[in-house]
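Residue numbering begins at 1 within each chain, and the chains themselves are lettered A, B, C and D in the order written.
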Amino acid sequence: MSKLDKSTALALLRQMMVIRDFEETADKLCLRGKVPGGMHNSSGQEAVAVGTLSAIAKDDVIATTHRSHHHTLAKGYSAKSVMAELFTKSTGISHGRGGSMHLAEVTEGHFGGNGIVGAGVGIAMGAALGIQHIGDKKIAVGFVGDGGMNTGRTWESINMASIWKLPLIILVDNNQYAVETFVGRVTGGGDLAKRASGFGLPAYNIDGQDVLEVRKYVSEARERALAGEGPTFINALTYRYYGHNVGEKGQYRTQEEIAQWRTTQDPIDKFTEVVISSGFATQAEVEELRASVRKEIEEAVAFAESSPEPEIASITQGVDSGKLGVQL
Amino acid sequence: MTTEVKAVTPTYSEAFQSGVREEMNRNKKIFIIGTDLVERGGHFAQVKGIAQEFGLKQVRDAPISEAAMIAAGMGAAMYGCHPIVDLNFIDFSLGAMDEIINQAAKIRFMFDRPVPLVIRATSGVALGGAHHCNSLESFFAHTAGLSLAVPSTPMDVKGLIKTALRNEDPVIFLMHKKLSGIRGEIGDENYFVPFGKAKTIKAGKDAAIITYGYSAVTATKAAQALEAEGISVEVIDLRTLYPIDQDAIDAAVIKFGRVVVLDEAPLFGSITAEIAATASERNFKSLKGPIVRVGAVRAPLSANPAMSEAAIPSVDQISKAVKQVMSY
Amino acid sequence: MTTEVKAVTPTYSEAFQSGVREEMNRNKKIFIIGTDLVERGGHFAQVKGIAQEFGLKQVRDAPISEAAMIAAGMGAAMYGCHPIVDLNFIDFSLGAMDEIINQAAKIRFMFDRPVPLVIRATSGVALGGAHHCNSLESFFAHTAGLSLAVPSTPMDVKGLIKTALRNEDPVIFLMHKKLSGIRGEIGDENYFVPFGKAKTIKAGKDAAIITYGYSAVTATKAAQALEAEGISVEVIDLRTLYPIDQDAIDAAVIKFGRVVVLDEAPLFGSITAEIAATASERNFKSLKGPIVRVGAVRAPLSANPAMSEAAIPSVDQISKAVKQVMSY
Amino acid sequence: MSKLDKSTALALLRQMMVIRDFEETADKLCLRGKVPGGMHNSSGQEAVAVGTLSAIAKDDVIATTHRSHHHTLAKGYSAKSVMAELFTKSTGISHGRGGSMHLAEVTEGHFGGNGIVGAGVGIAMGAALGIQHIGDKKIAVGFVGDGGMNTGRTWESINMASIWKLPLIILVDNNQYAVETFVGRVTGGGDLAKRASGFGLPAYNIDGQDVLEVRKYVSEARERALAGEGPTFINALTYRYYGHNVGEKGQYRTQEEIAQWRTTQDPIDKFTEVVISSGFATQAEVEELRASVRKEIEEAVAFAESSPEPEIASITQGVDSGKLGVQL
């Protein structure tokens, strides 16, 4: 990976700002009833998403979890189409069928969020198998939460990727909590990279608040995958600022803990410092960037608000091809 | 002078708490396993406060490992405990189907050893989209060795969970999402609802709707609407799908000869088929015309609320079905 | 003088091989995943020799990881391949139910992306006991997004697998254990059996038995026995359970008014209920009496062969059911 | 564990001989059609079974796999009741319902063989939870094959045991093949103890051909479990002399490899040397032991042969208690 240049740096920063603003805006809209079924706010986890997605190619594959707005935006989808999906509008990325948990654009390599913890890694592993089978020069990334690290299927898939040397990255978006359960309480051994390395693949615990670190590890993993050296496991330590689902608080962690992460470990703040200290932007320019992001998100909300609902009559369309019954 | 305070009746979720508490007080071998039960009390507050009252040995927060949760409950049940495994959403049982269908259900038959295990989950169509709204009743009801409770009122929740916890069979206990907050009377410590006994929730003279779960609410609405049109419909709530109250079904067929069977699972292959087919076979001559089934469309559910709602039977659809059986 | 060698017709398993080979020859995106496929050719020789002919990229021996196998197939299918996942026994699908029911079946609807995936397995009651003889047809048939083939002859095996491999829907392909060795003609390269088209395997004048899989064999035996008693029974083999040939079912009801529906799943909640209930509802007036269903007892299967055999419908039981419909 | 004494040594040796003779006898009977559904011969793996079961208490719990004659005999069940079960006779340990794969006596802590790879560890883990909940001074052992090490559910259960410090031993009866698949081909990382230690429990790779080594590790693990220190993972390297299922050969391993293990690593030969060199028995006494074992197995065969078949009418008995419907 080449040295950081100005345009890349600003792009990374802006993308993280888009995610933060998107999430905080959507959260408030959700509290106002605009997001049917609720949503999982990823604020605090921007560097994992942006670091990863900026290090892979546009048509590489991702499959992810119930908490995937950040991955989806970082993959390059517009705030409009994601916001509209949260509103379950026809203009949403999944045409209102999926909602917040089921953002996807399979033709472009977004193999979907998922309502089922642990399912995403398997789908990404399958995509990596498809890539290997066809011989394409691509990779797949399977996102999973710390909670998803205790689903057996995830380890089945990691093993399969390991023995078949599939071009896969398993990316743990480790925000340290599964709903209200601290990772340390339910994760035997505690060290996820160690766990993974027992399945025979390179495995790293990294700082998920440092967008450049994430970017670097993912980039190297991608190179290995493209070289036919198989999968890599990356456990990125991060933190979620809001409740599991919108509006949830709970006593499972202290306000001090949240404040500590927010004030000392914020991925956007940290990278803003890098950007400024590297001379890529002044504080004023950063504020300008933030303002342009604000505008983008406002437009996304307006777009989502004004978009039409899906056709109710379509509810039985697209279930299957209907062609199995045709005599060939 | 004493002021009479009108007590608020408990919710459907509190009814569960109440039944479980009472039984836990008399039987220390009852304990509960699931995610986020201790502090949060479960996603629907169904076990709120129980950990605080009974301690952390009696309520265990589990990793997100549905197969292991069921295995844990099953093995402990075989050993002599009476665990409740709280799966949160019944959809997540799909990750533990071998444990449920192939193991827990078959052990008594194969090894002459009871498996006193309750598997609790919320079920039914509500917000949440395709992965959180599977109606799997027909899977469990079809499986020899399993019993299946589908209460629609606080009274039945409490009465049925208490019966389940005094018996030694594996029970799937489904609580409908949309009913979580409804309130109603609950029985006292000695009130038990037996499995396999339906309840007439509205008497009628002309035709019967046989149903269960949230559909009992919709059916009652339809019956009220039809009352205005001079059609008097009886609504029968099965309360459990296995054992099923064949006597009550037979009696309805014999009495009315006009029967609608209703639930919100996709119609093709739903448990309504079993009810209608067996009822027709047993009392064909009493039928004035075919039993009419009402169910959901054959499609996954959408996140969009209107689409999701349109997929399942409406009051209108039910009324239409009743009118159809009235037309014979 | 030339000696004419009477060619031996292929087995049911060889018919599968033949169909798969032909399709693999034209489509390199077809590949097969499962346990012990390469050397052994699968437990029923269903893919014998294919690895040797097409290479190890096209036939992959997997670890015993059913969830990951389905995930692998599904992800690769989404990517553009057409995998066949060979689960060996359909019972093992219970370890991959989320991948099948919640994921593969729903992706097309949610994400507008086809999942061209064949899940092959043996099914049916034979030796092997409770864990190897589950009849899960009703699970799959009930699931929107899945199609389900249940061939009873080599001809249909080949014709149906070829159709499945030319289409883009997830198909569950069940081959009955007891039929593995039966021989029969198979079609040539251009012979395809469409889904949703039943086949009359024995014509009759008085009544119809609607069935599929190995029960088609038992039904035919019963029909032959009844012939001697002057009862002429038509035997209809559905060949696929979804899509189902409602036209053929309707026609049988209308023509005979006397119908038996048969399979070897435990009767309560089996797919025979769907068939009977819908048939009754659609053509009630044509019925001379109730449709009679015949199925297995509600119990796990035993290892003891006589017990296992006694659990499923016998020729006698079927004959009795036919006599019952003849008594109307 | 105390120093080996004569009576213990002879008991261990005799138990291994019983297993070997039992398996080789049953294998031949199976080829003659006496064992419905086939069986999985454990010859070569005696030291794993005897080393383990001799190190735990009579009422400790085990749950095992499809290949479990050796574990069952070593737990102290008579060759008669096991052979009769293989014959699916009413006098069998599972009354003919289970057959070779489903040997169990739950009241005595044998929680069953299993038709499903990977299911046993979960059941044993559940039993260990039951033990912990009730506060008994017992442990549970979950046997699993090398093939079962790639089922996700097994790792879910290992993690659960690890975080809850359950009194469990996970015992890998690692015969290096899953059907025809060499463990090295499908096991990412290759080192199972390393894999396990990533889940936070003590984990060992040991020599499964040395009955004393197995006994020692299991004994120490049991002590830890009883002391509340939680589970231990033991991967015992062994070898299966016969095919996966009776009568199977295959090209997946060489005759030389088999001969090499048989002649240099045979657990009975190796331990016989220890017994003789320790002066516990002469060669002649060993032969006498062998003869007494022969007699025992002959009696077992006669018993199985002459035992009655189960009552066919019992096929629907014991599916459930039938008491859920009783008003309490």
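Annotations for the structure displayed:
Keep in mind that, in the parts below, contacts are C-beta pairs under 8 Å (C-beta built on N, C-alpha and C of every residue); 3 or more make two chains touch, one makes a residue touch a chain.
Here the structure is a predicted model, which is why all the values come from computation and not from measurement.
A count of C-beta contacts for the chain pairs C-D and B-D puts B-D on top.
Of all chains, the one whose mean C-alpha position sits at the greatest distance from that of chain B is D. Averaging Cα coordinates per chain places chain C and chain D 36 Å apart.
Annotation: 40 Å between the Cα-based centres of chain A and chain C. Chain geometry summary: the mean Cα position of chain B and that of chain C are 31 Å apart. Within chain A, contacts with two or more other chains are made by residues 94, 97-98, 102, 114-116, 150-153, 156, 159-160, 163, 185-187, 319. Contact of a single residue of chain C with at least two other chains is seen at positions 62-63, 65, 67-68, 91, 94-95, 98, 102, 109-110, 129-131, 144-145, 297-300.
Residues 150-156, 158-163, 185-191, 194-201 of chain D touch chain A in their complex. Residues 91, 94-95, 97-98, 101-102, 105-106, 109-110, 129-131, 134, 138-139, 141-145, 242, 265-266, 268-274, 276-278, 280-282, 284, 287, 289-293, 297-300 of chain B are the ones that touch chain C when the two sit in their complex. Interface residues of chain A facing chain C in the complex, by the touch rule stated above, are 61, 63, 94-95, 97-98, 102, 104-107, 111-112, 114-116, 119, 122-131, 133-134, 140, 152-153, 156-157, 159-160, 163-164, 318-321, 323-328.
Only residues 35-36, 39-40, 61-68, 91-92, 94-95, 127-132, 297-300, 302-307, 310-311 of chain B touch chain A when the two sit together in their complex.
On chain D, the positions that touch chain C within their shared complex are 36-38, 88-89, 94, 96-102, 114-118, 147-148, 150-153, 178-181, 185-187, 250-252, 309-310, 312, 314-316, 319.
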